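Chain IDs A, B and C follow the sequence of writing; residue 1 opens each chain.
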Amino acid sequence: MSAFAQQLIYGTSYGMNLAVAAAGLALLFGVYRVINLAHGQLIMFGGYIAYVVTTGLGLHFFVGFAAAMVAMGVAGVILEISVFRILQRRPATDQLLASLGVYMMIGILALRIWGDFEARPINMPGEEGAILLGEDIRIDFARIVTIAITIAVFAVLYFVVYRTHLGRTMRATAQGPETATLMGIRKREVAALVFFIAGALGGAAGAMLGGLFNVRPDMGFQPLLMALIIIIFGGMGSLIGAIIAGLVLGILYNLTVFYVGSKLGDLVPFAVLLIILMVRPQGLFGLPGRRA
Amino acid sequence: MDPILEIRDLSKRFGGVEAVKAVSFDVPRGSLVGLIGPNGAGKTTFVNLVSKHESPDTGSVLLDKRPIHRLPSFKVARAGLARTYQKNRLFFEESVSENIRTAMIWGGAAKHQDLSYPGLKGKEEERTAELMEFFALTAQRDALPSGLSHLHRRRAEVAQALALAPKLLMLDEPFAGFSREEAFDLIDHLKVCQKGGLTMLLIDHNMEVMLEVCEYLFVMHHGALLASGTSAEVRANPEVINVYLGAET
Amino acid sequence: MRGSVKKAFVGAAVAAGLAVGGSAAQAEDVFKFGGVFTLSGPASFLGLFEEAAVRLAVEQFMKGDCIVEAIPAQPCEGGGLKIGDKKIPIEWKAYDDVSEDKKSIDAVTRLVEQDGARAIWGPRMNSAVLSAASILDPQSIISICAICSSPAMTVGRKWGHDITDTGVIEKHAISKFISESPERLKEHGIDPKIFEGRKKTGFIGRNELYTVHGSIGWEEGLKQWGGKYSYSDADKVLFPQGTTDFAPFVAKLAEQKPDIVMMDSYIVPDMLAIMKEMKKQGLDFETGKIVLLGNDVLMLQFLVDLAKKEGINMSSGYVWGWQEHNPAQDPATLARVEKYVKIYNEKYGSTEVGNSSPFDRGAYDAAIWFLYGVQAAGTITDNAAIVKAWRSLKINGLRGPENQFFVRPDTGEVTGQLMATEYIIGVKDDKVFYTGINYRDDLFFGPYVYGDKLPK
């Protein structure tokens, strides 16, 4: 029983990380109707920014975390201006391929700067400590920190999207780009805003993942893959769907690795994907027929 | 006459088809005017050109003396021109009140003019409440567009357009699908807005209602302006009669 | 989807120049060999140095400064391979597999069919080795790897050469070490108490063929050396490539309550993450709760330094591994290594390849050794003769004196497998040290080391 509880804890923390990673993708798809594969590398690069600021400059983790968010937010805007804006009238496959190209370019850039032989640690508060429940359930402080950050990030995100004019402009653009224009909303500004927020979420995910273990050039791949499945699972464009699907996937992954077999964890996301596509193709919170 | 909208030589060509041919006319400030014509006359293209959802090939549009034909559509909206569409284009995942609120973000061109139609003054919540009350939508404030009746949906659209606080409102086929009673219910509301100083351009092919409602009418045919005048003048215009009898409404 | 774009063509022709009296060399007067390396992508650190070392070997050979010597001696006069009275220039070409199996097989095909290579270096990835073999072996193309660590390079293959140990041989060595008698350990200054009362072993690694072979070698070794330790292969923990959260994997390992953990990974960030998580979950090698065993990457000074930066102390006396070379063992080797490292670092130190490490030295040895072998055969076209001549040579290399190929005890046939020596290494005061315990001949047993066919 305690082993089960322990895996729930690990799974929750992992799932939360994935949810943050997926939220950026979900937002981009929801508002801008684009699947940005380069998001995976923003996660990775965010990790490196956090590393440079915390380990390199010796500043507090939260400073590094904020720096990762801002830097990757800006990177998102640059991506929008330099790639997606130019391709906005092109077919979705072109945009997907372009984002894959960017994924690879950012990957090379990181390799050139930091190399891939080394692991880069991020000093995270509470790295060593843990709360012990009973004999053998432990909750690492670092995991509590990531869970707390995730909840805070989602709370802020929810507030921004559903309670502010910024959020209204985003939602309006998502639901009717032309009507939004009619309301005086400038699509470009919304696009820049959405790419900023999505990038920042990627940076946040990278800083947290890097904080739990270490930062490395290929760390964006698994979260990207999981995030893609999460947004399909949760309903394309749905934030609540992303957090619930992230949790389900994270916990399921951990339980499978622990109870079924370490090699089978990787099958979980794909099994979930298959079931979702067969049973509820619009995802948990998606509207039928809305998916592009 | 003090025109709020001045159209000069507006033209648009799609491939070989001249959808709008050198249309020029003025809309007087505070008026309720109509644009009529048979299907395919170019009315909707014309509206799209004015609101800049399409770019005109030539010609100019002045809104309250300010040229808007080179502005992108979002700036045209911010300059004070609101419009509705033939088909419902409310934000489908937002409640009625959120739909109205969204229009207030960038709206407000008419706020500081001497206008007083519903939902123009006050804080956003008050304006939203006032618009919903005016259109008898208060009970539907949290409803999604998909849950509204056709009548309520049309009202919500007009309320949303008004929330932009425009100087000029263009309504594209506002009476489509309405009974005569429902049409006049909406007209009553529009007349209240007109009293508050709002200028309105109605586009419809329901001749009967349009001739009854509009103070002044412009008639389009094959992309060009065929005639204009009061409803009596238009009614008596032999060319208009010919077009409508010959072309079938 | 992985991290990098293809660098389609990396190493260009080297030294195909004016070696013979200024006349342009005819096609049959050039010795062509090529390679497939991981030069970009997440595993490029496993390919850049190998390609760099082979390229350097070709250049040094053309210059007549081979650094390492063959036994019996072979000339290294520069200008090319000395075949009869002719000097045959060497043409070297390398392709990038971008860490992808498919690309590596494409490159192998291109090297054979378009470039006319007679010998092919790589591909490295265990999963690609067998596919490459199915292309190369029927055409009698010599296949070489100095970093593959895979039995699939040599077992049951006439043309394959593995100029390093394999995941199996390595595990034979480290399992032998922990099975040593207390007396032998004491002789080398190792406290036998470290292993006292320990029985259960656990195994963790990335889900790939290298690890599967590693676990086989581990199981074989534990049995071979007396069966003091238990191991259940069904319980080995394999995590997928790109894992970001190691908690469930380490939890699965911890649940088995092992006394000794064999961490069979060579990916540095993975290793550090696992070690960090092991400490958290009570698999503590700092206090001696467990003994942690690892491979030659774990025993890189560089890794020990990195671990320390992450707050991991490897100097507790409970962390052991091995290295395939020991530069300090004799002055002659040391002198060769010094000379080589100077040249290598000057050439590559400031590039993405980086400074020399034990790994590139093995690749350099292998390349020069092979070129000596071609010379000794006296032909550049008869691959059967080249293989025979090469395998009969030994080399005083950078990894130590008298490197030689393993001879099958059952048939007396010389295989393409290097008879590598494994030097057991520990960590003391944050520095890796050689225990003086090393193994060679004993390690070469079992169906994954030699045989007519690789077991299924």
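Note that in this section a contact is a pair of C-beta atoms (placed from the backbone, for glycine too) under 8 Å apart; a residue touches a chain by one contact, two chains touch by 3 or more.
From a predicted model like this one, the values you see are computed outputs, not experimental measurements.
Chemist: Where centres are the averaged C-alpha coordinates, which chain has the largest centre distance to chain B?
Modeler: C
Chemist: Report the most central chain, judged by the distance from each chain's C-alpha mean to the global C-alpha mean.
Modeler: It is chain A that sits nearest the middle.
Chemist: Using mean C-alpha positions as chain centres, tell me how far chain A is from chain B in Å, no decimals.
Modeler: Chain A and chain B have C-alpha centres separated by 43 Å.
Chemist: Just how far, in Å, is the C-alpha centre of chain C from the one of chain A?
Modeler: Those two chain centres are 37 Å apart.
Chemist: Return the distance between the CA-based centres of chain B and chain C, expressed in whole Å.
Modeler: Roughly 77 Å separates the two chain centres.
Chemist: Note which residues of chain A are touching chain C in the complex, please.
Modeler: These residues of chain A touch chain C: 3, 6-7, 10-11, 13-14, 17, 37, 100, 103-105, 107-108, 110-112, 115-119, 121, 127-128, 130, 138, 140, 209, 212-219, 221-223, 253-254, 257-258, 262-263, 265-266.
Chemist: Provide the residue numbers of chain A that touch chain B in the complex, in ascending order.
Modeler: It is residues 165, 168-169, 171-172, 175-176, 178-187, 287 of chain A that touch chain B.
Chemist: Can you tell me which positions in chain C touch chain A when the two form their complex?
Modeler: Interface residues on chain C, with respect to chain A: 1-5, 40, 42-45, 207, 236-249, 251-252, 255, 268-269, 272-273, 276-277, 280-281, 306, 309-311, 352, 354.
Chemist: Help me check something: in the complex, which residues belonging to chain B touch chain A?
Modeler: Going by the criterion above, the answer is residues 51, 53, 72-75, 77-78, 82-83, 85, 89-94, 98, 101-103, 105-107, 160, 164.
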